[in-house]
Each structure stands twice: as C-alpha cells, then as structure tokens.
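A quick write-up on the structure given underneath.
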Amino acid sequence: MDDLHMDALVIGGGIAGMQSALDLGDQGFQVALVERDPSIGGRMITLSKVFPTLDCCSCITTPKMSAVAHHPNIHLYTYCEIQSVQEHGAGFDVSILQKPRYVDISKCTGCRECEYECPITVPSPFDRNLGAYRAIRVPFSTAVPQKAVLDPEYCLWCGKCEQKCPVEAIDFSQQPETFTIEADSIIMATGFDLTPVSTKKEYGAGKLHNVIDPLMMERFLAPTGPYGRVLRPGDGKEPGSIAYVQCAGSRDETLGITYCSRVCCMYAIKQAMLLNGALPMADITIYYMDIRTFGKGYEQFYQNAKAMGVNFVRGKVASIREDADQNPILKVEMTDTGEIVEQTFDLVVLSQGIVPASHPTVSLPLGSDGFISVPAPDSAPCVTGRPGIFVTGTAAGPMDIVDSIVSASAAAAEASAYIRENGSRLEVEKEALYA
Amino acid sequence: MPENQQPRIGVYICHCGGNISGAVQCESVAKALKGLPNVTITRTDESMCSDAGQSLIEKDIQELGINRVVVGACAPMLHEQTFRGAVTRAGLNPFLYHHVGLREQDSWVHGHDKTAATDKALRLMSAGVAKARLLQPLDPIRLGAEKHALVIGGGVAGLRAALDIARQGLRVTLIEKSPFLGGRMAQLETVFPTEEEARALLHDLIQKVTAHPNVTIFMGAEVMGVSGYVGNFTIQVKQHSRGVSDDNAEALMSACTQEVPDPFNYGLTKRKVIYRPYEGCYSSTPAVDWDHYDGRPFDVNGWPIELKDEPKSFELNVGAVVVATGFDPYTPPQGEYGFGELPQVVTLPQLIRHLALSKDGKSLQWNGRAVRDVALIHCVGSRQVDGVHQPQEDGQVNNYCSRVCCTASLHMTADLHKRYPELNIYDLHQDIRTYGRGHEEYYRHALEDGVRFLRYNGEEVPEVSPAPQGDSHPVLVKVKDMLTYGEEIEIPVDLVVLAVGFMPRDLHGLDKMLKISRGNDRFLLEVHPKLRPVETAVKGVILAGSAQGPMNIQESLSAASAAAAKVASLLGRGKVELPPFVAAVDVEKCNGTGACVEACVYEGAIALQTFNENGEEVKRAVITPANCVGCGACVAVCPNNAVNVQGWTLAQYEAMVEAIGMDLPAMTEVTA
Amino acid sequence: MTTQTLSRAELLKQLRTTHAESVKRAQELLKEQKHMQQELCAFFREKPRTVPEAAQATGIPADKVLWFVAAMKKYGIVAEAGMCGDYPLYKKVEEN
Amino acid sequence: MTNRVDPTLMRDFKKYGAVGIEKCFNCGTCTATCSLTSNDSQFPRRIIRMAQLGLRDQILGSKEMWLCYNCGKCSETCPKQAEPANIMAAARCYAITNYDTLGIGRLFCRVPLVGGLIAVLLAIFFGAFMYTQRETMSTESLKLFNFIPYEFIHTAGIVVMILVALASLLAIFNMVVRMARANDITIKTITGGARMNWLTAFWDAVVVQPLGQKRYREECDIEENRRVWYLSKWFIHAATMWGFLGLVLATALDYLLEIVGVKATGAAVPIWYPPRLIGTLGGLLFTYGVTVLLVKRWRAVDKAHSYSRPSDWIFLALLWFSGITGFIVEIALYLPRAPIWGYWMFLFHVSVSMTLIFLLPFTKFAHSLYRVVALYFHALKPVPVIEPAKAGTD
C-alpha cells in the first residue's frame, strides 16, 4: 500500500473530484482520490456531448481520467466507501472500506475474456439499466482503471470466468478490507442524483414505458449507448416526436424541491439539438416555465436551437398518461395563448433536476436544500462548516460542468492554502513541495 | 535511441465519440494508410484520448517499436498535449508525435458529404504521415520562472486571486487603476443570498490581502507594456501620484471647491476632485481625480497650493499575470426605455446607490416625488435581438444573458418591499433566471411580497412613455404580457428601473499587450470552457472574474481561486517549459544577410553575431529561443533557406503538401 | 489465511452457500434468460424482425425483449439489419 | 380595450380569502389539471391572472368562476401551493359581493361577524314576529298550525320570496350587464347577430348541469368521485341540492293542495302521501349532504376544504339548522305525545328557513343563481348554419 499520509483526500471521482485532485497534484501535494464505483469518471463520463461547445463528453473526461490515473502525486482508490472521518490533530483519520472486486487488479489486463464467458446478463447502471453487461465485467469501455469487477449480487459462483482468465486474475478469496488514510484536508466531491419522480403521480410516477429520465437520453445519444441509436425503451421504436418536460422535479413544492436545478434547461436544449442531428425528421418540443440559459454562450445556444426548429412552449406540463400503444400523452396549458392541449408523443423526457447524492459518512452541516452547507458563499464558496473540509461541484448545490470545474480548482486552492497554513508537514517539507 | 532508426510510424484515428466517425469512414482511411511507406500499424478507436486509447499507443511503442506517432482526432489545442504525454510515458521523445485535426478541419465542416470527408481525412492523414517521417526529437525550452505573479484589478476577483496566490507561498503584486481598492462590490449594499453587508465582506478580504506579507499593492497604477513569456514576463507599470498625503489631505479637501459628477454613485451626486469614494474605503487617504482636476491652485490658509500628477514608472518581473479587470454595467443609449429622456427612468445600479444614499424616509422619493408604483424591466442590454435593439459600436448587439440581473433585481425588490411595504412593484421579464443556490427563494419572496410579474417577448419589448396630461402617474409602461395571453397591459408608474446587464470593458490596449483575445461576446476568452476554463491561449496569462463574462460575487470568487490554483501549478516549481517550436539557424547555410533580423517583429528573438570562422570574421544569425514565438517570418525571407522553425520545417511542409496533393492508389478504392 | 487452504471448488461452494439467496435469484434469472435467448434467436434466425414482432411471437413484453436484444447485440449474438418503418430489424449472427 | 393594472385588487382579493394568490407564478398547471376547463372558458389561471393585475371588469364579467365545482385537484397539483381552488372560491365571494348593489353581500364576505350577527338577528326577528301571532300549543297532538297559523307563515313567506326575487333580479341584472360588456355582447349582437341556441342553452344551464350535475359527475376526475357513489363529491353536493329542492317542492305542493282545496295544511297524512314523501326524502338527502359537507370542512379533509372562510360556515350553518330542525319537527309530529319543544322547534325551523331564503342573494347561497346564469352564457352558442351539401367535395 502507499504511504498513507496524504495532504488531501478527495471524496468522489467525478469531474469535480478529478479536477481538484489534478490541481492539488500539479502543485506537488500528495492526494488520495476515493471513488465508490469501480471506475472514476462520475456522471460526466456517461453523457453524450456537452453544452455549449458540443464536444463529445469523453473527449473532455477521458483525458482527465487518464491524467488522474497516471499522475505521480495522485493515489487512486476505486470501489471504496468512506467508513468514518475523525479529526486527528489538524487533519483527519479517514477509514475506508475496499470492497472486493474478486479480481486482482495488478494482474487484470482488461481483456474482458471473463465478461464474454460469464453466462448471466445483468442491467448496467452505466446505461441507466437500459443496457446490459455481465455479472463480471469491465464497467464500461473507457473505465479507469480498465479492470474487471465481479458483482456478487448476480454471480452464480460457477467459476467459468476464473477458468477463462488468461492471467489468473480472478480471486474469489477477496474479502472487504478496511484501511485508514491520514489526510490534512478533505474535499467533498460527492456529486448528485436525479430528483426522484416516483412521488409525482401526475407524471406516471416512473411507471410509464416511454417516459424516460435525461440521463437515459444521454446514453441513447452516446455512440456507446445501449441501442447504438435513439430508440424508445418501451418497444424499440425510433421516436418521431419527442417532448421535454422542464422542471420535472425542480421548482415544485408538491415534491418538496423548491430550488432550480440549474442544468436542465441547457441539457434539454442540447439533447434537442443532438436529436435534431440523430433524427432529422423528429419533432421536438420543450415545455418550460422559464428558459434559464444564463452561462457563457448559453443564450446563443438557445437561440440556435430555436432557429433549428426546436419547438419551445411555455407551460408546465400538468399530467402525462399513456394510450393503448404506450404513447405518452401530455396535458398542458400553453400559457402564451391560454390554449389547453393534449399532445401525444412517441417519447417523453422528464427534465429531472439535481438532488444531493447519498453521502458517505462524513458528518457535515447541510443546507435546507439538503446539499452541503456553505456558510459564507460570498467570501469562501468552497468552505464547509467543518474546518479542513471543502466542498466542490454538485455536492454544494446544482451546478453545470463548467461551474463544477471552476469550483473544483477553487476548492483545490482553498485546500492547498489550508494545508500550508495548518497541515502537519514540517516547514522544511512544505518548502520542499516546490523544490 | 529509437528515433535514429528507420521511421516506424503508428497511425491512430479517433472516432471522437461519433464526431469524426459520423462523417469519416475511419476504418477505410486506416486501411488505406496501412499501405504507406514506413507505416507499421494503423488503428482506430472510439476514443483515442481515453486511458485505453492512450495505452494502446504506449503498448505499440513498446511492443512494435513504433518511433513516430500520428493521431487524427480533435483540434490539437484540445489533446495534442494529452498524446505527447502518452508518447513520453512510453519512452519516446514527445516531439516525435504529430496531431491531425480531423474534427474541426474535416468532419465538423463536411458532415453533409461523407465521401468528400473521408477523402479529405485520408489526405490530411497522409500529410501527417509524410511529416512524421521527417520528425526529429526535440527538447522543450526549460527556463527558470519568477515565483511572483501580477494581478491586474483590485476588485473582489483580483483581491481574492491575490490572496489565494499569496497563500500558496508565491509573491503577488496587485495593481489597481483607480486609487482605491474594492471595485464594483464596494458600490453594493447587501449581497445575495446571505444578505451580508457587501462592504463588510470586502473589507475583510482587503484586510487579509493587505496584511499578507507576500502581497504588494499599487493603486492608481496601470500596465503600460508587456514583454516576455510565461515564467518571465516584464511588465511596465505607471503609477499616478495620489496628490495628497495623510498630513495635508483634510485641509486640501476642505479647500477644494471643484466638483464633478460622482461615478461611484453613477452620477446621482457630485463629489470634489479630491475625494474618497465612500467612508471607510481603502486606502483611507484621499486621492486627486487627475482626469477632472482643472489645475487651479487650492487656497489653504491663504497659501495657494497647486497639485501635480508626477507618475512613476517602473518594471515588474513576474511569472504569470492574472487579469481581473472586471466589467462595466451597461449604459442604455439615450431613449432606450426613456433613459436619458424621462427623469423617472434609472438603472438598477443607480437605484442601489440611491437607496444607499437615502437611508431614511417612509416612502421612496425620486425626482422630488413620492414613488408609489415602480416598473422594473429586465434584460436591458442583455439578450438583445438583431434588428430590435440598437447595436454596439462594433455593430453587434449584446445577445448574451448577463446572468446576475435576475437575482439582483429580485434582491432589490425584496429590499424595496422591506423598506417601503406600500410600494407597488411590476417586474417585466422574459424569463426569470434565478438559477443559483438560494436564488429561487428571492423569486418566491418577490411573489409573496406582491411583486407583479409580467412576461414580455424579446422581440416586442415594453414601451416606456410619458403619461398623457392629467394622468395619475408621470410615466406609462405598456407591455404585451404573455402571461395574460398576449394582451396589452398598461402600467402607470412613478419610476422605471432598468436591470442593466454586464458590458465587457474597454481595457485600453491591455488585452493587445497581453495578446489575449475576446470571444464573440467581446468578453475575454478562455482556452476551453471545460478543459481550461480560466486560462487564456497565452500561457501564463490567466483570467479571474467578470472580465471573462457575467458572474456574480460567488462565481467571481470561485474563478479567482481557480486562477490562483493555476498560477500555483505553473510557478510553484520555479521553472517552466516552453514548446521547442522556435526558429533554428543552420549555420552551414547562413551567410549573414540579416534579412531575418529585419523581418523579425519580436524583440530579442534573432540577432546577428560575429563569429570567427577560419580566421575570418563572419556574421551569423543567432536565435534566443525564449523570445522567439516561432512565427516563421525569418524563414520566409532567408535567401538561403538557412532558418527553419523546429518541428515545422520547410522540408516537412513540402512533404505534407506533396502528400495532400497526391492521389494514393488506395484513395479511389476508399472513396468509390 | 484460511482461504488458501481451501481448494478452488471448496471456495466456490462456500461462496455459493454464503450467497445462497442471491444465487437462487440469479439461477432463476439465468433460466429465464436462456429461454429468452433460445426463443429470440430462433425467431431472428428465420429473417430480420423487429422488437414488437418478437414480443408478439414470444409473448414476452416488448420492453423486456428490447433490453435483451440490446444485450445480445452488445455481445455479438444478434445484429441490426436495416429498418422496417420506425423499427430497426434484428437478425441472428451466424457463428462460423 | 386597454387593460390598466390596478394594484389594489390583489390585496382586496386576499380579504375574500385568496390566501395563496400572490404565490402563483403562472405555470398553468391548475388550468391543465382541471377537467372542467376548456379552450372557451379557461380557469383557474385566467381568474388568478386577472386578479393579480387588477383587471376588475374582466373578473366580474367572467363566467369561468361559476363553472368550477371546487373539486380541489388544482390545489393539490399546484407547484407553488398557491391554492387555486381557494382563489376561485374567493373570486366567487368577490363576485357575490359586487353583484349585490345593496351592500349586504359585502357584509357576509368581508365582515363575517356582522354578517353572522345579521343572520342571527334576522332569525330572531322572524321568530319574534311570528311569535306575536301565536295561538295555542295543543298538548295531545302537535298542532303546529294552531300554534302559528299557516296563513300567516304563507303570507310572510311570500313577502320574503318577493323581496328575495327583487334583490336577486337586480344582482343577476348586474351580472348579466358585466358579462355582456366583458364578452362584447350588445343588444345588437343579440338581435342582429347569428341565431343562438337559446333553448338548448337554457336546458343545459338549468336541467343538465345543475339538476343533472352532469359535468361534476362525469368530468371531475378526482379521487373522491371514484369512491362509492354516496361518498363521492358530486353526490354529496347533489344530495344537498336535490334535498333542498325536494323540501321546497313539498312545501309548494302542500300550499298548492291547500289552494285547490284537496288537503288542508297541517292535516295529518300517511308517509306515502306525495308531498310528504317528497318532503321526507328531500329532508333526508338534504341533512345527509349538509352534514357531510360540514364534517369535511371541519376536518379540512382535502385541498378544496382546507380553507373555509366565515361565509362558508354561515351558509352551511343556515342550511344545516333549517334541515335538522325540520327533521326534529317531523319526529315530534309522530311522537305518541306532542312535546312542547316541538312547537319551539317549529318556530326555530320557520325562522331559520326564512332567514336562509331571505339572505339567498347575499350569501354563498347566491351561487345557485349565478351558476345558472353563467352556465347559460357558457352554453349559449350561435346555431351553426347548415349549408346544403355541395355535390363533389374537394
């Protein structure tokens, strides 16, 4: 194992966590990056293309993932859960659980022979469960580390993978292991989940076949997606008409989520533009209350989408039901005219918002919105209520990728200053950082 | 060294997640390239820049003895460095790598014609291969870096950047053009979403900055010239005199009678030409407004005292520059929504100052009248539409969203409601964009405070006109309200507030001096919003805050801290590496014509030096790599072809041109 | 370490016992998948067919068919073979 | 028509109990959720919007608020929890106040204490007035009309009816004028315009909707309407209304039989005797309906009943007392021995019922008038001119 004293420990290997780790590593600090999933990349690696530049998402994410993996100062711990965080002097003792992969990653080459051999097909959360992989698999094609992992929930323990593995990397004897990292500072980059719609019965409570969440659409639009093209999940039809329901889970007191999720307008517009390319004949309608394209270049992006023929209708969708062919039917008041319409679509995307991801056991004061509290946003936007612990990205409230990346660098700046001012390293060592 | 062996070229074509493969038949191109001389292997991949893709290249270098690598992918600006890194990891010289921009140069522009796109890809790639054959190992230029950064701008972003750089153990010099620190934030009263006093936060920050031993501050100073490169910039600074000292300031101030409109209050009040913008400002010593001072002496106890600006000029050597020059609020042209014509029309920043100045009073007073009804119009100077709004000087309209005004407006209505509960407020917007954490709460409060929201269509903006004689109010606002089914609504008001947007600032040549560019919106441009969001295309020049685009205080702070992190990574080790793509002279061919020296526009990049050659004094061109930018002006004028830009030699160009023009046998097969 | 002393077979057996519940679930799932694969492969071998056609012929709900077809496509068991109206056609990939 | 904003109306509206009106951000969920709204008559958002901007004439000229049956679905789904159903109820209150030019309606909606007091005083007045005419209280059997002569009650009732009719006509006239103005209907458009479906509209406005509760029954797609019929929302309302009409009909029949000399008022009849049967059934339905309504309001069972303004309580109380006292009298009548309290209860019953009727145009009761008028306007459409089919269509 590595030297288990770190200058900083970053929790979460999404884009924000990776950027914070890279910025700290580039300055010469020793950083541990702890990720719950078997691969880093977070939500961003599952996206298709990103607004407003329409760069393919992996073009931005994979090089950062690679940089993290190869960085001499970054120590990567994937498939690990934080167990506890205890103050220890000026720093913290962080207890971490390494979940068993049942694969020896020092041997695994990521050849995927085991995956091809495994008899059981299971839903892949990377594809929002609409795609499939096997009980033992490399999580996705650009995963870092590019190593197999076995899912004990679905494993038959038949041992076929072990026989097939050319490098004898399968290790059924692995057990969960706990280890401790001493860190001078912690950066929380724990990310987000989608706002749940299971309680929104007007929108079918997640039970309608052709009503999907936006991350599913990201997968359909990605070239590596489950179908390799855009099809609706109910019956595999190529949709000819697609609707976006904005604020499906944000700004809605009936769901208890009153805030704006900040990203939904832009991702809906982006997906509409990408759909326009993928399905040139499709009609795309976005139902909204306010279009919030506030960032740099975003308003022009919105205007371009309008010019491309994406239909924008003001009105919050009141209800969605489905007809006998499982086509979703929306009911909405078009508030510009007052007209009440019922419109049938092939596919409906609920523009669900952002709620905080379930947190590891780091006890931190939370805001009334459930995200980690930032007591002084207008003087220290990355500083939490607990000294030495910083927050970045969507762990501190809804944020798009651009803002997350800037905030990640800012958190790195805060953390590095904190390490210099309070860290346990000797003065000499601190100077040596820059030697 | 494998570089000296026969070239063994590895060619890789990236699908770029469909961006390239959507238009280019990557596999066919790869197949066709396989037949070219020296090409050992060709491969395609979904995403070459991913870890798996990079590993593929590394493996080929190690296992197949590849010693030249060509990747066809996105623009070199994005991932050339990524692949150089991969090549280095495999033990190869990073400059034995060539990057072909198949996305920007081909698939994105020829998406409609797949055959032609494939043909072009093949030509571009074979040109890359032709160049790769002639690649030679190069060494980056390694230079010492000043562990000292310059921050330009003393607003909240500049202050924060300076503090954070200083906290990383680097020296910082902060220069501010005005004689006082604080920038736009000092003009605010409270800030959203915490409702803290803006100045209390600001002064806390100023206190930390001024107290930090690593920080030096020059107020009343501006940049006059920039030379050098990352790690070693030389900055010429001119600092104006303050004009007064703590000893004589009070006497001079009371003797001063000349008054000018106070820009701190957006012209709502007047101030003397010896001034402090507000009580408690930093520095507390007043300063003379040299731009407006008429030069007449002051009468102090019977003695005439004449003040003179005696600017000091000096040079700073810094390793990096942070540009935190901020923004200007948009000033509506005469007549836009009655601005400048009707006395009842003000901008939001003006109203903020007005409220700050009129602390007491039961009712809001404006223009000598109690205000009962207020209309607030959003998107003034933002989200403008061609043909509807008056263009700026460059002929463009401000088609961007200014991001801050929605919440700032509703922050204002909350304040107005709190102070004057009887006030009727009408909010005319296109979309309410309270996007940030805690911002939607302002919208909720505004609704609950009884603010009436009306929604106009960007192409049919509200009309502000004087009310007809005998009307109850002086001004009439008419709007086609989309929330009332497009009916025209008439609002009689006493005051119209224009929520003006952010304007990019005229930097008086600073951007030119630093060679940084502006985007379509005229704000300073970053390299890439996600890969390098606070860096400019000029290495070592970094952006912080609203010089880059509209931002609120919180976002400016984040951007400033991010800038500090970049400066720390750049200068922390005290050395920088520059790319080796600079001119190199072949002394064998040079006969000292000096044409190259004449053609060079970069100071100290090329010079003639006298050598003793076989007892004969000869002049030969000599390059100072650190000052050369590799523009190639010298290459073009040299009669002997004695100069070349390393990594982009004439021979390489010729090989590329030839390859592009050639019809490969495989080409017809591929594109048929 | 105790595990080292166990033979490979013993280790797997032990794992099957400790995970008895999930193994049972997985076995049922596998059975269902085998059945599904058999039926769908047979159907797609005849000629290229769409997902709704397969659903109708096999009585498996269309969304489930689509999910499994996507999986089979990923592992090279079926492949797309053009479109029929708005629906892609799938055919069985014949092994050599 | 210019629409000039009036900032006072929203504040005014809040006094009628529109608690959430300022919260509304006009997303349109309420309107799209409502199963009764249509493109010819949009609500609740239209009403809310008019109130927010202070477009008084448009509100008072709107028929939409009367098409709402207060099912509460809009309030349940409102993303801002602005209580649109309640705002609609407030709008009706506001309209009742404004259509009544006598200013009495205003008291019930705006100064409920005074309103309530008026109701009580009026009941006392009627009671005292009739008590002055009292005769004997027979103890062997309950001879109500020997206690207070029915002629006197009839005459008093008729006077009350005439007064009520006059006040109602005046209010309806007000409403019609405003509605005509807001909808651009003039004498000319009526006489010179397209032929209108006067009779069908009348049928729809009087019989199909109010009596048949067609839309409430069939279109209000709410949870409660899917319950067993006797608990469904529409049935409770219908029971109250049918019960009330039954009671009125029974009284009228009784009077008619007296006039034509078939049966003297007060003469004992068996239970199956038509007027009595109608009266008993009506009373049962009525008491059931009103009691359930009271319980719902008391428990605030759903969004539609979570906000009760005093005028709701005054109206329900008047209904309930008149219903329940009638029943008690009925019971007293069939007790083996005539109880003395039966007479007092009878007096109470007559006074409360008279108060209820007398206050019809001023209390929430007025909705029964305005809804019919609004429904009429809503149903009124030009009769399509059927042109003889041309040969060979394109």
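Order as written gives the chain letters A, B, C and D; numbering starts at 1 within each chain.
Just so it is clear, a residue touches a chain if its C-beta (ideal position, glycine included) is under 8 Å from a C-beta of that chain, and two chains touch if they have at least 3 such contacts.
Keep in mind the model is a prediction, meaning the values are calculated, not measured.
The most centrally placed chain, judged by C-alpha centroids, is A.
If each chain is reduced to the centroid of its CA atoms, chain C and chain D end up 65 Å from each other. The distance from the centre of chain B to the centre of chain D, with each centre set as the mean of the Cα atoms, comes to 67 Å. Per-chain CA centroids place chain B at a distance of 53 Å from chain C.
In this assembly, the C-alpha centroid of chain A lies 56 Å from the C-alpha centroid of chain D.
Looking at chain A, one finds that residues 251, 314, 335, 338 touch two or more other chains. In chain D, the positions touching at least two other chains are 25-26, 46, 80. Under the contact definition stated at the top, not a single residue of chain C touches 2 or more other chains. The touch graph of these protein chains has some other shape, matching none of line, ring, star or complete.
A complete list of chain pairs in contact reads A-B, A-C, A-D, B-D.
Of all residues in chain B, those touching chain A in their complex are 15-19, 21, 46-47, 49-55, 74, 78-79, 82, 85-86, 89, 147, 164, 167-169, 191, 193-194, 196, 201, 204-205, 383, 399-401, 403, 406, 431-441, 444, 482-483, 485-486, 519-521, 523, 528-531, 533-534, 548-550, 553-555, 557-562, 564-566, 568-569, 572-574.
Chain A meets chain C in the complex at residues 116, 119-123, 130-133, 135, 152-159, 162, 172-173, 209, 226-229, 231, 233-240. Within the complex formed with chain A, the chain D residues making contact are 25-33, 37-39, 42, 45-46, 76-81. Only residues 202, 247, 251-254, 289, 314-319, 331-335, 338-340 of chain A touch chain D when the two sit together in their complex. In the complex of the two chains, the chain B residues touching chain D come out as 373, 424, 426, 432, 443-444, 447-450, 452-455, 481, 483-485, 487-492.
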